[in-house]
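The structures come next, written out as structure tokens.
One chain, chain A, links the two complexes that follow: it is found with chain B in the first and with chain C in the second.
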Partner chain A sequence: MARRVTLRLGFEGGLRDVVVTIPDDEPAPWQWGEKFSVVGVDTPRLDGPLKAAGRAPYTYDIQLPGMLHGAILRSPYPHARIRSVDLGVARRLDGVRAALDRSGAAVRFAGQEVAAVAAVTLEIARDALRLVKVDYAPMPFVTAMEDAMRPDAPAVFESGANVGAPHINEIGNVAAGFETAAASVDAVYTTPVQTHVSLETHGAVASWNGDELTVWCSTQGIFGVRDDLAVHFSLPPENVRVITAYLGGGFGSKFGAGHEVIIAAELARMARAPVKLMLSRAEEHVATGNRPCSQQHVRIGAARDGALTAIELEQHGSGGIGGGSGSAVPYLALYRCPNLRTRERNVYINAGPASPMRAPGWPQGCFALELAIDELARKLNLDRLEMRRRNNPSPVRALEYDIGARAFGWDQRARAPKARGPIRRGVGVASAAWHGIGASGPQAQCVAFRDGRVAVRIGTQDVGTGTRTIIAMVAAEELGVPLQSVTAEIGDTRYLFSLPSGGSMTAPSTTPAVRQAAAHLKGKLLRLAAPALGAAPEDLVISDGVVRVRAEPDRAIEFADLCRRIPGDSLAADGEHVPNYGGYSTAQAGCQFAGVEVDIETGIVRVTDFVAVHDAGVIVDPLTARSQVNGGIIMGVGFALFEDRLIDPQTGLMVNPTMDDYKLPGVLDTPEIRAYFVEVANGITNTGVLGMGEAVHVAATAAIGCAVADAIGAPVRDLPLTPDRVLAAIGGV
Partner chain B sequence: MSRRPRDPHHNEKIAAEFDPAADDGGPKLSRRSFLKGAGAAAAVAGLLGVQPAAADDAAPEPPLAGAAERLGPGPATFKLRINGATRTVTAEPRVTLLGVLRDHLGLTGAKLVCDRGACGACTVHLDGAPVTSCMMLAIDARGHEITTIEGLGAPDRMHALQDAFVAKDALQCGFCTPGMTMALSAALEANPNPSPAEIKHAIAGNICRCGTYPHVIEAALAAAQAARGQA
Partner chain C sequence: MKQFAVVAPADLASATRMLAEPNRSALAGGVDLLDMLKQELAAPAELVNLKALGGLDRIESVPGGVLRIGPLVTLNQLAAAPAVRERHPALADSAAQAATPQVRNLATVGGNLAQRPRCWYFRNPDIVCLKKGGTKCYAVAGLNRYHAILGGGPSFIVHPSNLAPALIACDASLALNGPDGERKIAVGDFFTSPKVDPRRENVLKPGEIIAAIEVPAPPTGARSAYLEAREKQSFDWPLAAAVAILALNRAGEVVHARIVMGAVAPIPWRAPSAEKILLGAKLDRALADRAAEAALAGAAPLAHNAYKIPIARAMVRRAILRAGGVADEPA
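Showing the complex of A and B:
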């Protein structure tokens, strides 16, 4: 049933033998010093040509015969009762094929869904929305978190207070910890609401055939969408097929069947025709989720040697009418501190609900914590990296600090005297952690065809990280065939189940299932080869596309020739993700160093360079891994310098629901980025691959904030670090 | 362009072309009466409808200079030069070039992302120069040579720049890629030996939320180098 294997695990300078018990049909986990032929090699993504040539079919590109276009009418009021919705005139507009009322008794944010139509063109659908008559009874509203916290604030929900009950974490004795501190910092840090701004907006194309529903959907979780639709329409899940061949970004905002997906399917059923409904940019900003704002009151104390003695966090955050605004986790996870208390409270305002966004809570928490640690280090006259080393619980991160400091030139740059001119340089360092260890559930199928091709099929989706490519690489590695002969088929609920792509779970959850499926297929192929080579299956190996007798490598058969012996059309085998083993460690460490230039006359910040050092277990494709590092840092530049969802308190409307007034980082805002990976054999799955999309993002904004404080000699405690705030901080020095 | 008498039923005809089966038999509101009802009558008063043109093989109609050309609000039929071929389109004059490319001609490489010329995802070439096709009416593209990402190269015979995008992983989700590629290919055409600063300038208006810019710069430099090597 099961067998025990001893694995060499850990990292350079921290290796040990670990015994794990694994099922008999599971390949032994890859361990330290594993010799790979495909894995670990820079590999252009397999779907690159389709994307580069503009032929990759995103949901937004799906066109079906007779397809209608849907559009949603949204409330212009941030809080109102709805007395009536009249669709009569809209229905009569030429070209309109269906209209529906989506209003409940009340709307609680400007942009909430009220009604929807489907018409022969999008232009006509939008015309029709202007003919829907809605009788609103506006109600008092509040859109700023500070205002919502006042006792006399308008109630967002009739049923409860605007400020939720605190979520508390407590370790040790905080009061005693502050008594032993040689120095402490007491400050308030704030971060704004950030929106995901996936370039492909939310939306779907829905098509009915009797009681069978097919939905092309811009989603990070095809099976979640399938299940939501099955429940909504009271269908068995197998009657619903969800396809996401290509996804134009998600960043956490695209889980489940959102209103727009349900509406598309409802309209399609009413109109008896396929309906495409993709949201506009403004709708995307206001209604499809966001990273909540935060106000973090931090008290932090340390002994003279820099050892932290106490941390206290009083946090309020607002995800609009949604929750999930906490930012305490980094305080618990990044540094050792014996006395710690965090209290997080959701504050409700009349704004669109939050959704997960790339490392929920982390960039906010890291920004406040890392700035506070820098302020404390200055009081103690300690080097800021040394301060972090002293409180660092991770041996992997200790190595990463060394690698990063050397590459970045920390010692020289952190001690360099400040220039006299208007351009002031500064440096910052911040720590990262994550737990991209994946979970069980995914199953994969590996199929060999008679022409020698191999297909990997799994119901996962590629959010842009290169999932297709890495699962094909893992299958090629296990089978011993060239990558060119392997294709990956994903993004369809007709394949075996996989998890949603969130929490950096996709690579660690899918690759073990794929590797097991490939191992099972290899077993079947070797049994097929054994008679031809006159040897037992267990004496055969496959490498470089050739099946050989291990002891006599000249007795061999080409993989493609072997495949021609497959009876019938193909040979298939399944595999699954076995629950994680203990392995070496499930913690994932990183650190990032940032350099900035601040013009003290204009207050403009320019991020010049970054060094990022990360652990993501086995790096399957270093090329796409570096792309993820670039992306995590650049998104951090946006959060640090530009991004801010602004709501007019008088009208409750978002004033910058565009891509020019809501500014995103462009190429001219992009620093030079150098990425380093610390190889860790963790043995927690058969591949030991960890996810990295979030690990590479959590520290970036904090590192920039620390570098700006270093450059101007004063912290700017409110994001984004706009020129007015930078100048105000300089003025206060 | 000659003016033709307006067919009072042309809205209905167009709707029927899209879906002849769908008609619940109820009274219909035409787009013209809708515009009046919506208080936009002043804006469209005096506009004349245009009959669909009969022939598909006529030369592209050049835009009229000076004289007021009146089209709409109903669909008009006109010709566009796209990727070296003449295509005939019947669309309302308010439809953008991007809308015609995507919804009428099935050229879905260019993407609608910001809908206001702020992100570059809809970039195509107009007479070789990059334009944001979401900001341009299709009828204003008459008489110009339009090139889309589909005209630049196909997956099995890519433009050198597309090859370099793949090799350097200058794309992640890939949604900005067609626009980024079109902006860069025009820049490389104009300047085959660009500096990194010139490459950045060429894509300063192209937004990538995945943050793939460093690899885009590498790809552009590699493509330029490859092109010089061949020359």
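Showing the complex of A and C:
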């Protein structure tokens, strides 16, 4: 049932042979240096033209006959008891078809769901919301983490304290570690709440047919939404169908059925008509998740040669009324340090709950840790890259430092004398890590049709990373047919199960299942071809859309002609992601170098250029891989320089819930970005693909922070690095 | 958004008559007005579409060197017009640096001068501040990093128009057309301090529209510069802007000076004290420094916006040096 294969694992300069056991029906894993014909070629997204032309049907674009429009009434108070909700007048407004009360006993953040209506137009629905009478009893509230930490702060939850119990990690003896340190740094760093700002807001279109529910939903996890809805409505999961053909981003905020999805389905059931409910930009900012803020008190010490001797982190983070605000992981994972203690505490405030966001905890932790390491390097009079090399546990990253330093010109730029004018240049480097190895679960189906077309079907979704494209590429590669003949059909729970698109898991988890399905289909097709070519199936190969006898390439049949021999209409085969076989390494390294210019008279920072070096497995589409790097860095620029969810202390309302006041990097704020990939053969699956989405983001903000400190000769320890803070840091020199 | 009707006036006179009715708004490019409607900050019953009127979208050179700019001229049109670029580069730049190409293609000069402020309390439909008829200015004790450092109180908005400081520096005037006919006022007199009425930003009377913007020929030898500092380089509003128009004589002495700042006060903020320092003196870096110092001398920052003072100062100094053709030596 199983067979043993020898894999060449590792990376350039450090390859070794490892024997792994794989199931019999698993195609032989792609090997180091494998020759491909489709994979590895720059391939524009297959759905690019459709998206650019506005013809890709996003959830927002779904229109059904008789469809109503839903809207949600949200609390204008950050904390209040709700005495009553009266829907009567709203319900009687002309055009209103359903209204529901979603309030509990209390609201704990401004923007929390209170009631909802569905009406024949969105305008009538919004008018109806104004007619809902809610009797609020406002209560004391707290929206800043520092305030919530005070003993006399208003309690966010009556049942418990605002500040949670510490989550502790401890290795070695920190006190002893500081005793042996030649220098140490003791400083506090803060990072603000960042929101996801997916271009497509959250929302759904829900439609009932008896006790069968179909939901078009802007989600990163169609099966999670299906299961949540099945539980909520006490339905068997097969009665719920979730469709996400196109998705305008999620970044971690779109797992499971959120309030708006449940509400859309409830309203549709009450009104006996389909309901569309898409959130506004303001609702998106306040109620659909965010990256928690952090306050990180870091103590870090090193010996004279730069070797770290101790790290201590006292961290507080707030995910509003939610949790998940820790940021200690990078301290544990990035550098070697024998003595380490981290204590993380979650703090509740009256603000919308956090949700996972691109590498949860990492960008915050990296920012503080990397700035502290720079401050330490300066005290020890060590080159900042050298300091990192001394403490780097990863041989892959060691190579990446070299590649990056050469491409970026680190040695010259880090030593360049500072200019005398108002524009000061600085450079920074920061390390990345992740674990984009994927997981089991996904299953795929590959179907060949009589006209020579091939479809790959898998219940995954494309969050914008290019999943649809790379799935088609993998199937085309395995089948030996041109990419144009393959269509990827995704985003429907009618297809076979796949995982939610998060954790950098989609490419590494789906491609092995797709490849296995394609291999199984190829097996069936070759058995069909064998009699026609008078050869055994195992002596046949398919390449460039032609089936040939391996030893006599002239004995051949076109793939399309072979497909015409398919009995019936189509030939299908399934495949699955085989549990990871173990292999070289499950960790991903990486590093990024940033260049900045700071105008020391205005405090305005411009990021000029980036060099990003990351380990990748087999890169299916270099274009989408580079696009991941670009996106990860641009998001890092936003976190470094601009983004900050601001809540007014007087009203508890977010003051910048727009795309105007909540500042995102634009074209002119985007640096020149150069990406380099180190191919690491990890021997984990049959495709050896690694996820890139998070590894490329974790270090970007830290690298910018380090570069700004270099430019002005003083660290700015609070994000975002706005002119007021930069000017204050310069003034304090 | 409340339901409304869009009406097309036949001529200027009927437009002003329609606008004199209660609950009417003039519609130009709609960039700001539509935002206001969507946020339910304005709920007019009727929008009087000025675009239905012909001839208001042109830039004409009239005898005497005056440029007559129609109110429906877009910011991109203004930024690109050769006559504006040549005679009033600061004005052209003030338009070119506003917003984004898409916005500049729609946004009109008239709408830019009459747009409402960007204060985030004003723009939040759940907050009723002084400007919306409420009892307090939330910026005073709240989040005020982008608010006024000069001339503030009782409202602390900064006037959002990029064009206004440049037009004031050019000594431009406005032709306002109303039910009672036309009146002409200097652009500097168009804007009104919150001390007079915190609910408004200009002196437009019911039914009045900006019918033309007239920019006189610059003084002989005058050169101008517009500079602004933005946090973001794309899609952002200035933290501070400065316009300098200077004419120097052969000896390098300043014989004509206009210094006007934007984004620092509830109205475009002219700095006569800076102009006085410049006039009659020989322009060099030290003089520019002193003038910039004087321009910000009266600044009274709120809790979170003192950083805007050095930024505004830098913009004024750099604008003076650029307009005067003096190199800004390394600091």
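Following the convention adopted for this analysis, the second predicted complex is superposed on the first by the 733 of 733 C-alpha atoms of A that agree within 3 Å, B and C clash if a C-alpha of one lies under 4 Å from a C-alpha of the other, contacts with A are read in each partner's own complex, and residues count from 1 in each chain.
Here is the rule we go by: a contact is a pair of C-beta atoms (placed from the backbone, for glycine too) under 8 Å apart; a residue touches a chain by one contact, two chains touch by 3 or more.
As the structure is a computational prediction, the values presented were derived from the model and not from experiment.
Contact with neither chain B nor chain C is seen for A:A175 once the two complexes are overlaid on the shared chain. Judged by the touch definition given at the top, the superposed model places A:L727 against chain C, while chain B stays out of reach.
Touch criterion met: A:E123 reaches chain B and chain C at once. In the overlay built on the shared chain, the residue A:P665 is in contact with chain B and with chain C. Looking at the shared chain after the overlay, A:A536 reaches neither chain B nor chain C. When the shared chain is aligned, chain B comes close enough to touch A:D61, but chain C does not.
By the touch criterion defined above, A:L653 reaches chain C but does not reach chain B. Chain A is touched at more residues by one of its partners, and among chain B and chain C that partner is B. Shared-chain residue A:A137: touches no atom of chain B or chain C. 123, 658, 660, 665-668 are the residues of chain A that lie in the contact sets of both chain B and chain C, per the superposition on chain A.
Contact residues of chain C toward chain A in the complex are 1-3, 100, 118, 120-121, 123-124, 126-127, 138, 141-143, 145, 229-236, 239, 304-307, 310-311, 314-315, 328, 330-331. Those residues of chain A that touch chain C in the complex are listed here as 76, 110, 123, 126, 419-422, 599-604, 606, 641-642, 646, 648-651, 653, 655-656, 658, 660-661, 663, 665-669, 722-724, 727-728. Within the complex, the chain B residues that touch chain A are 11-12, 14-15, 18-19, 22, 26-31, 34, 37-38, 92, 94-95, 99, 102-103, 106, 108-116, 118-119, 121, 148-150, 152-156, 158, 162-163, 165-167, 169, 171-178, 181, 200, 203-217.
Remark: chain A residues 44-45, 47-58, 60-61, 63, 66, 68, 89, 91-95, 97, 120-124, 127, 130-131, 196-200, 246-249, 251, 271-273, 280-281, 463-466, 623-624, 626-628, 630-635, 658-660, 664-668, 670, 672-673 touch chain B in the complex.
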